[in-house]
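By letter and in written order, the chains are A, B, C and D; residue numbering begins at 1 in each of them.
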């Protein structure tokens, strides 16, 4: 079985959109990970703040890495996000994924994104289906 | 008060990330809109299918346009998405936003994304806060 | 394989809490059902309106019946509800469940509750895991 | 302004459905509370396990008490729950509500329910609208 680091390095190296977001992997362990990115102009919406889709995408990548870290392929079923605070161009976001519960076929994870001032900008909950297929 | 077309044309022309996604506005009316995009390689994840964040982002843009169409500025509070079917490079996605309910300060919208074969690929529900500020 | 009517009659006859809520089954078909109940004083909260838990419970029963109607046992994984309008003592609520998507192992359903004036009081989305176990 | 204890004692004393659920208030502070109840036969569903609506209702009461503890009236807008583990007749459930974020008009809370063996049985996230009306 691959280690969490091996699985996620492989996933990230093939993940074109996470690369477009310039996501860096700070830490990865079983069921948890920390990602980081810096907001650039292409990520903003019509209010000139971060498009909510980027906070979601960063959280969704963190969910994928945390859930797949055990070496079994997982697919997201359902997820929700609360947008708590606007994010501006140049802000540095850190996503912290933690495991709420992991059963035989279903896993539930939470991802909190903080800005450079350690203020929460979003709160995400995601549910994955855990397959028996190995990375 | 601006028309739905005026509000959304203005929003879209300033929305850098929606432009990166090459979103086209098919139709816009009070509380409803239809958007379209074609998936390209930069939008894929480590499974070589569409990153869930793009389906979410397309839905979130559709939510924003439908909710703001009345001419009052709305901000997303909470949203959730169910991923129903994988999307591949080159697929053409159409997002259909409809209004579930619009009260004085809170609006609830649903966005369904279909692929070029009219198969549902995702189902999104979003809640917005309606301000008194005019576009 | 049991018919939808047989499965749901059996489920309802053993469902103590749905009986406490005095739920009546109006219609049941593959993937869809309609339930009805009348609000009584025991169901109210500290604002003297219906406790949100009752709208949720009615929706959750409708989800269970619609999802199990195919004859395979389904268990709820995740669900969300938007409370749209207050409900008062004596109001008559009708829950309409419909299928958003049904895959091999995951089903997604939507339940809308209307009051006696056909006004939406809540909007519910539920995700179930479909087992191979037969009723 | 009333204290958290005063607000919640008043709310609970008028909350017929929370009383039917035999909810006991263990602790209440600004933005947080702990509730407890013992499962009885009227709360079970057709699988002879706890109806998901009771876990939701207990969580929703915990949300209401935590959010209203500041003395301003709050109403639930949207909430979601993940059911993690079956609950049986006689089980003792404890609900722990904590504040994720509280802005000027929107608050986000999380409620975790544990059983008598300290195992998580559900995970709930709720969003409230905070009014200026005082209890």
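The definition used in the following text is that contacts are C-beta pairs under 8 Å (C-beta built on N, C-alpha and C of every residue); 3 or more make two chains touch, one makes a residue touch a chain.
As the structure is a computational prediction, the values presented were derived from the model and not from experiment.
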Farthest chain (mean CA position) relative to chain D: B
Pair with more cross-chain C-beta pairs in contact, given A-C and A-D: A-D
Geometric centre distance via CA averages, chain B-chain A, whole Å: 21
Mean-CA-position distance for chain D and chain A (Å): 28
Rounded Å distance between chain A and chain C, as computed from the means of their C-alpha atoms: 33
Residues of chain A engaged with two or more neighbouring chains: 77-78, 80, 82, 108, 127
Residues of chain D defined as touching chain B within the complex: 77-78, 80, 105-106, 108, 127, 129
Chain B-facing residues of chain A, complex: 10-18, 20, 41-48, 51-54, 56-58, 60-61, 64, 75-83
Of chain D, residues touching chain A in the complex: 80, 82, 84-85, 100-101, 103, 108, 120, 123, 125, 127
